[in-house]
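Here come two complexes built around chain A, the first alongside chain B, the second alongside chain C.
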Partner chain A sequence: MSLQGRGAAWGFVAPFIVGFAAWCAGPLAASLFLSLTDASGASARRAEYVGLANYRAALGVDRTARADAAGPGPWLAGDGRPTDPLVYRSLGNSLAYTAMTVPVTLAGSLALALLLMQRVRGFSIVRTIVYLPHLLGGVASLVIWSWLLNPRFGGINAAIRAVYAAADPLLRATLGVTTEGWPVPEWLFSPTWCKPALVLIRAGTVGGSVLILMAALQRVPPELGEAAALDGAGAWTRLRRVTLPQLRPALVFVGLIETVFAMQAFTESYVLSHRSQQDGLLFAATYLYRTAFESPHRLGYAAALGWILAGVTGVMIAPWLAWGRRRAAFEEGGT
Partner chain B sequence: MRAIAPREPLAPRGAATPRALALRLLRAGAILVVGLAAAAWLFGDTWRHHFPVAEDAGATIEIRFAHFGGYEEYALWREAIEVFEREHPRVRVRQEFVVGGQALYHGKLRQQASAADLPDVFFVQVGPFNDLADQFADVGGVLDGVQEIDGRPENLSGLDALGIEAFRVDGVQRALPICGGPLLIYVNLACFDRATRFLGSAVAQPHEPWTIDEFLALASQATIRDPRLEGEAQFGFWHPRWVYYLPFLWSFGADVADAKRWALEGGEAESALTLYHDLLRVHRVCPGDAELPQVWQDVAFLTGRVAMCVNGPWFERFVEVGVTGDLGRFDVLPIPRGPGGRWTRVTWDGAALNPSTRGARRRAAENFLRHLLSEPVQDRLATQGLAMPARRASLDVYVTGPRAAQRARFVEALAYSRLQPRFPRFQEVDQLINRSLDRYLNEADDRSAREFLADLRAEPLIRACFETGGGS
Partner chain C sequence: MRLSRGMHVTSVAVAVGVCAWMLLPMLWAATSALKPLEETYAFPPTFRVESPQPGNFVEAFRRLPMARFLLNSTWIAGVSAIGAVLTSAMAGYALARFEFRGRRIVGACVLAALLVPSQILIVPRFLQFEWLGWLGTYKPLIVPAWLGGGAFNVLLFRQFFVATPREAEDAARLDGAGPWTVFLRVALPSARPAVVTAGFLSFVFHWQEFLDPLLYLTDFKTFPVSLGLRMFQTLAGTWANLLMAASVAAMLPLVLLFLAIERDLMRGLGVLTSARRGRGTCDPD
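Entry: the complex of A and B
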């Protein structure tokens, strides 16, 4: 390539390189450096190098303190308590939310995608409706959900009460029980129900994943299903043996993205947190943000939390990557 | 097919025509101009910050004044600024304000301080002041020499003594109180009328003097969870956060901490914490979170869902404007007397000067601070009733108008007021106490007050900040 050609090539690539260096690699390096200092966001004094002290403070256990009955979990049972119990609490919340939300969204997206691929009159409108909440997103959507989930006045509990009322005569007649006094979930005002509430919200905004899976479904050759049907395979077998293996790359992608998003969930937690949840929605990213940018403004410590969160997220996405790689190896071997 | 002849270059390589050269120069010039403009836009403030232009004796000086609050606060301080600018034609005051709560405002102040970009004059609340004061020491020295601002030390003695004390750290006066007031109990009298109508027997109206037991009895009578009560249940009392519960804690004879020692322990503290828990869980005179979801204290009180709440003089204007019709009757009562006597918590908003402001701007900032404490501004503040003035002479103006009786109770309360405890890492400890109390108040938590206090004392943060007497 001529000198001029090479210059042009670099010129075209330069915006990405500059952007990557300025907004990705640079901040990554800076945050790694910050995590080894006692930098404060509320002080103009020079940050000092503290080695791994931030990581020890985040993950360490104070053996001189009495164990707390309401501590972070069984893995720290016995004497002592974490030097920062909220690190374990927030990571535990993020992991629990991920474990709940990823299977639900994945299964829900797949079911919706399969349903919406059917050639039924009027389904194009349904597809738009399914996708619309994904477009709304953000704080506005969460505020609407918070009202829907209001335990006294919200639409969700009104629907549950209506179901109770409708079922009451039947239950009285058949089982001799009444639905009067049956509890309704307190959703965002309860430590038990706050995470399921968030899963419900997430499940209502799966339009993006549905779109990806529908695109993948369109690429599944119909003759594969037809051949299987000729061999006597039923609908369930065709789905399990033909469609799902063909969808695996898309499922890996959606699962991976959902896992990363769930582990890094912030807006939901920041907007919908309430004292009655007892930190039930304090996620790792939220705790990081509060530590860095609200009191106590510990930037170095928050940077260490960020790297710990990145490490845990890495572990969580490893199975997805392994599954995806197995597929790639299979394809390479098959060709 | 006819072969296409190779195209001849218009000009030999390396020998640009004058026109092409001019175009290149023009392009380079345009890129340079755009680049310089972008750099000026991006880094102009930084440049001016590090290389300030020498002061011109005749030039107009601009100082920055920061505060927080709603529209009424904005309008009040705008008015004060306009008067000041008329009196000082060469000084312009740029009003920087944060709409809403103090947390957001103080967060911004912290970031400004760490960027060495504090406003020249700024309001600060007693609560977060301690943390901020430590931080200000980092950015170029504390605010000292307040006495010399006026040149008249007697002016300080004209301000509320606790207000002065609130902003004095290690013997150094770092800010001056401007406005504030003590916490009392607001009573929505219409709730008691409704309870009387519903129960068919007279429910007494709260009156002073009253004890904690009498307060509890009245709160119980005003609590009616029956939905037939004109549509919605009502509750006797709004469960306060811990800093608003401090008056009760002190009235039991307990305390939280002093500068070094953790003091939230012993029989008095257990009694106070037991009541705090029982108000919500045993006597059930306060609404649980799911009983009035997404409703805050102000709305609950204004709409008659809650009969009593703890609040300061700044709530009066809000209640006056917000409460209408049948709910238009409210009273203000002192904190009930307990075994430890009668106490309440007073809080002050102070004004501080940026220690880095120098020269003519410093003098203008000092003049503006003096102006905020002047008789006309303090009297105007008193008349408006947003808060009590720090200048004691203006308290007479405060106790006027249709709410004079209620306002007089706030003035009386200054005599039995205390400042909230001052200790290191206040905001972190505040968050920890709130978080621990939330857990303690949960229905599933079966700890006694003694066990709760022992757990709180054993928290690593408490152990790091205070002498805890080996209670863990």
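Entry: the complex of A and C
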């Protein structure tokens, strides 16, 4: 490449480099510094260095105080309560939501990808229908879902009630029980059901992951399955022993992305939060937002919360990374 | 693999069920939007619409400036998407085609930008935009898109160009075209699937963006439809039929756009998802 070309290369990457420096590397360093200061709303410029005080305030436990009913949660045994219980509450919510939603979306998108790989006429339209909600997963769809999940006037509970009614005669005849008066979930109006409600909503937007897994499935050499079939392996064995190992990098990728998204979830929490959930949808990102952008605008503290959330997210994705690496090591080790 | 008859029937049945689930919110919204208010609060609820009220849509647009919100979103998402495609294509092209000192560092920056958790950046970015005097304008939403256009898009274009033969570009260069001419006249037009895919995904991303407008916009007349809808929900959420009409209006442009370019998009996504693990990740060709 000529000298002119070399200069041109830098011209081509210049916008990206400027953007990276201004909106990624720069803020990253600034955030680290901010988290060590007491910067707050009006006086962000006159912030003072406070060392690790923000981290201590966020994660610390006050041993002199008694644990109260709304206290720290089961993972903090013994006396004392956190100096900021909402940190643990919001992180716990995010972790619980992640633990619920990732297995569902991962299993769901894998099942859908395997289904849609079958050569059946009309499945290309199904693929479109599955992908579309993935694109529409914004505020509009959240608003629609909140109405669909309305305990009294929504379609979901109407369907549940219909199932109850249909099962009633059968259950009466066989077991002598009636479904009359069986409870229906309160969904977004309940502390216990609000997270499952969110999982339900997320399950409708797996289309992106389905597409990634389908692309990976297309790369699995068909000879492998055929050879296994000749050896007498059934469909289930072929799936477990041939397809899934080949699919592992894609599964790791999807699992990683789903985990990070769930840990960072904000919009769904902000739009769908309701008093009757008793902070059940107060996620870590939402608490960060509240801390920074609602009075008294504790910016330094919020920056520290960001790093804590990033650290927890890092711990959550470590298993995925380890799982992905194990395969690479295995491949290099010999075949 | 050929399917047995039973498997075939089961597959179709499951697929129909899945489609019903995927389409449920849109159908529910569409029917609710056409109901008179007392029908939306009928018990038990149904999909049936006794007396359709298309006037609900007009009413929804009258209560809040929904048309304005839609226009704002179109502008923000459109301008951002153009910038994102242009600058990420430039970076991806350079990474795929040029040998230059520091290329590995630039590649590392792309990966780093993908990995940095966004919540760490929220507070410093806000202070930065405040310092720049950009609060209350569209600049915080648009300018970053014009500078880099997202690491994911850069990677996408890099993969696309790595997988594309360069003969046409070499021929143009031999004819005396400079690197910029080659890029704009030869490389970019040949990257149509990548351009359509990256452009569309950026458009959707910026259309759906909620936190950034929430942080940086102050005047409700400048709100994109995501914020506008949230406002609708808090101010007039009990008018369920109008709220559903507004939600349908907020999604319809994306649905139409998607259906218009679906063929190109699916091909682009296919090429790109399979190119993701194509030839080496960060190594020179």
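Keep this in mind: the second predicted complex is superposed on the first by the 322 of 335 C-alpha atoms of A that agree within 3 Å, B and C clash if a C-alpha of one lies under 4 Å from a C-alpha of the other, contacts with A are read in each partner's own complex, and residues count from 1 in each chain.
Convention: a residue touches a chain if its C-beta (ideal position, glycine included) is under 8 Å from a C-beta of that chain, and two chains touch if they have at least 3 such contacts.
Predicted, not measured: the structure shown is a model, and the values here were computed from it.
Steric overlap between chain B and chain C is absent once the structures are superposed on chain A; the two fit side by side. In the superposition on chain A, A:179 makes contact with neither chain B nor chain C.
Counting the residues of chain A touched by each of chain B and chain C gives the higher count for C. Applying the stated contact rule after C-alpha superposition, one finds that A:81 touches chain B and leaves chain C untouched. By the touch criterion defined above, A:204 reaches chain C but does not reach chain B.
Between the C-alpha centres of chain B and chain C, as viewed from that of chain A, the superposed structures give an angle of 80°, to the nearest 10.
By the document's definition of touching, both partners, chain B and chain C, reach A:293.
By the document's definition of touching, of the two partners only chain B reaches A:274; chain C does not. In the superposition on chain A, A:303 makes contact with chain C only, while chain B stays out of contact range. When the two structures are aligned on the shared chain, A:147 is found in touch with chain B and with chain C. In the superposition on chain A, A:191 makes contact with chain B only, not with chain C.
With chain A used as the common frame, the shortest Cα distance separating chain B from chain C works out to 5 Å.
Common to the chain B and chain C contact sets on chain A are residues 44, 146-147, 152-153, 293.
Every residue of chain C that touches chain A in the complex is listed here, in rising order: 1-3, 7-8, 11-12, 14-15, 18-19, 21-26, 28-29, 32, 40-47, 87-88, 90-91, 93-95, 98-103, 106, 109-110, 112-113, 116-128, 144, 146-149, 154, 178-180, 183, 204, 207-208, 210-211, 214-215, 225-227, 229-230, 232-233, 240, 243-244, 247-248, 250-251, 254-255, 258, 262, 266, 269-270, 273-274, 276-277.
Here chain A touches chain B in the complex through residues 40-45, 62, 64-66, 68, 70, 81, 83-84, 146-147, 150-153, 186, 188-191, 274-276, 278-279, 293-297, going by the rule given at the top. Across the complex, chain A meets chain C through its residues 1, 4-6, 8-13, 15-20, 22-28, 30-31, 34, 44, 112, 115-116, 118-120, 122-123, 126-133, 135-141, 143-148, 152-155, 158, 161, 204, 207, 211-212, 214-216, 218-219, 222, 225, 249, 260, 264, 266-267, 270-271, 284-285, 288-289, 292-293, 299, 302-303, 306-307, 309-310, 313. Considering their complex, residues 103, 107, 110-111, 113-116, 131, 135, 138-139, 288-294, 425, 427-428, 431, 434-435, 438-439, 442, 444-445, 455, 458, 460, 463, 472 of chain B touch chain A.
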